């Protein structure tokens, strides 16, 4: 079980595609910084076909005016706990 | 008549598309730095539908191992001359 | 010498880098020099216009607030493109401040009118 | 404590930033510590493997030459993905040094085997 | 649990250094151990003693220093990356015949070996980077 | 013809600062005038007096300095961007009570007005930047 973080905006499809292709069942994907824009209605559907659990970092959602409705989100302490409970971490940027 | 430069790799489609949409007949597009990878055989066909004249910066082609066959290229002095002979310059990155 | 019209193009999301704030600073400086300034937000820069950005949790200033005061400095031309709105599906979303939306032909005409372009 | 296997992932083109050279430096340093190292070049990083890069004209060192000497430091696992080769259409192009090409399932297995990943 | 953080981004270059700092604070507040923060590439600018942001903006170098004091952190700046980018301690300033040093106190210049060693010692390693 | 170049990128962050330098050399060799080089954002690091790259790598700050000496160039570093990123001249070091200055000789800290003024005075303005 692996924790992936992604920090790039939907305008960077290449990073998203490499991240998406690396996800296994049971992994989690935490959207941070500009990657919270993947949760805009226009982009969100692309997340549904990923095998991983999708989460977002709450302060980054709030700062960017992206709605948290229907989103699993964590605060900074929750980010740390995700890193603890997954066996390894990969940061995509 | 405008000179556009583009410096981002084909992995950044968003920058390419904004640059492409801004080209008018009579403009020139100079590919510099990582944008010379647009001249790889796999990507080159996307340049053919652009209304602008396409050129590349020779030292950047050479450094990246991209073939100059069939490419209009200029050296640094030629880059300067392009900036002189076009009424304005826009740099996309 | 006539004051040339200056076009400032920003293509970056807020906070990602200092680009959003820097574009505003350049616009304000040009206004001080009585240069006619137009600000064009393309691609990720349209995300600067999303309402209700609460940046306290990340300890950063919200550039959105600064965009709203630009008209006080006679910078009242804030543009974006249909292509940029479509990139993030924001065609029917309230943006604040509301930009003037240009299609591709209008963008090309805007560029052709401006002999000085600063990209950020 | 057992030496953990280290996976270094680089996703950047040569020269664009110092990432390509830095990835090699990290790999060499891990080898000095007797850490088993695997280097995975994804996306634009496959462009590091194009032959005949003559970087004299831009005054920079060619990281391609350094990649070739990694086996001398017992770093002989150089991987890329089918997806990355397809991104730039390099499936049938000679690459130097030649990487081992993994499909998506193999990439996922590679990641699962490595508890330490450094992204560059 | 023992963490090591690798920071690739300068302040203002992107959000990554801010995110790394927030993560460091949260893990320490959660009772975990921060074995080392390794500043690499443009991340070396987090260690500038000369950064002078406006008073109403937070200063990342200062925030790292304060956190290091409170928790006795090991803030290591890659010496090769730092020299190239103009971050020097007194020793390196002398050795390269430069007129001044600018490494903030609380940070230490050292080699990439400090990263390799941290990979061995830590339970989790996170990389905070950005484009470019 | 009168050129102004705006440089947004630090050395090593991307190729943009190298490209800007090559463009500057070529335009001067071609008999054109370089009205000003304006270093903004991460570009301020081109003006570091402390950058100490290995001997077999070229140094962008040094290359700018040499070009400025040869052609009497106006190398202006945005003061607000520089202060945030830890590039200070003697005056700013004193004013912010910092222990040292690190602005390379040949460069000058000044405001964004120098960019606006250059936009008026120059025939062509080019921006050299990169991701991030």
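Letters A, B, C, D, E and F mark the chains as written, and numbering starts fresh at 1 in each.
Simple rule for what comes next: a contact is a pair of C-beta atoms (placed from the backbone, for glycine too) under 8 Å apart; a residue touches a chain by one contact, two chains touch by 3 or more.
All values reported here derive from a predicted model rather than from experimental measurement.
**Q** Which chains sit in contact with both members of the pair chain A and chain C?
**A** The shared contacts of chain A and chain C, listed by label, come to B, E.
**Q** How many hops, at fewest, get you from chain A to chain B via touching chains?
**A** The fewest steps needed to get from chain A to chain B is 1.
**Q** Through what angle, to the nearest 5 degrees, does chain E rotate to match chain F on its C-alpha atoms?
**A** Rounded to 5 degrees, the superposing rotation is 180 degrees.
**Q** When I count C-beta pairs in contact, which pair ends up with more: A-D or C-E?
**A** A-D
**Q** Rounded to the nearest whole Å, what is the centre-to-centre distance of chain E and chain F, using the mean of the C-alpha atoms as each centre?
**A** Measuring from centre to centre gives 25 Å for this pair.
**Q** Report, in whole Å, the distance between the mean C-alpha point of chain C and the mean C-alpha point of chain D.
**A** For chain C versus chain D, the centre distance works out to 39 Å.
**Q** Would you mind pulling out the distance in Å between where the CA atoms of chain B average out and where those of chain E do?
**A** 38
**Q** Enumerate the residues of chain C that touch no fewer than two other chains.
**A** Expected reply: 15-18, 43-44, 58, 60, 87, 116-117, 119.
**Q** In chain F, what residues contact two or more other chains?
**A** Answer for chain F, listing residues that touch two or more other chains: 12-15, 22, 41, 57, 84, 125, 127, 129-132.
**Q** Spell out, as numbers or ranges, the residues of chain A touching 2 or more other chains.
**A** 11-12, 14, 33-34, 59-60, 88-89, 91, 93
**Q** Thinking of each chain as a vertex joined to the chains it touches, would you call that graph a line, ring, star, complete, or other?
**A** Drawn as a graph, the chains match no named shape, so other.
**Q** Among all the chains shown, which pairs meet the touch rule set out at the top?
**A** Result for touching pairs of chains: A-B, A-C, A-D, A-E, B-C, B-D, B-F, C-E, C-F, D-E, D-F, E-F.
**Q** Using the touch rule from the top, collect the residues of chain D that touch chain B in their complex.
**A** Checking each residue of chain D against chain B gives 13-16, 43-44, 47, 50-58, 60, 62, 64, 87-90.
**Q** Given the complex with chain F, which residues does chain C contribute to the contact?
**A** Counting only chain C, the residues touching chain F are 1, 3-4, 6, 16-19, 22, 25-26, 29-30, 32-33, 35, 116-120.
**Q** For a test of understanding, state which residues of chain E touch chain A in their complex under the given definition.
**A** Residue list for chain E touching chain A: 1, 3, 14-16, 19, 22-23, 25-27, 29-30, 32, 124-131.
**Q** For a test of understanding, state which residues of chain B touch chain A in their complex under the given definition.
**A** My answer: residues 11-14.
**Q** Across the complex, what residues on chain B touch chain D?
**A** Per the stated touch rule, the residues are 9-11, 33-34, 37, 40-43, 58-60, 62-66.
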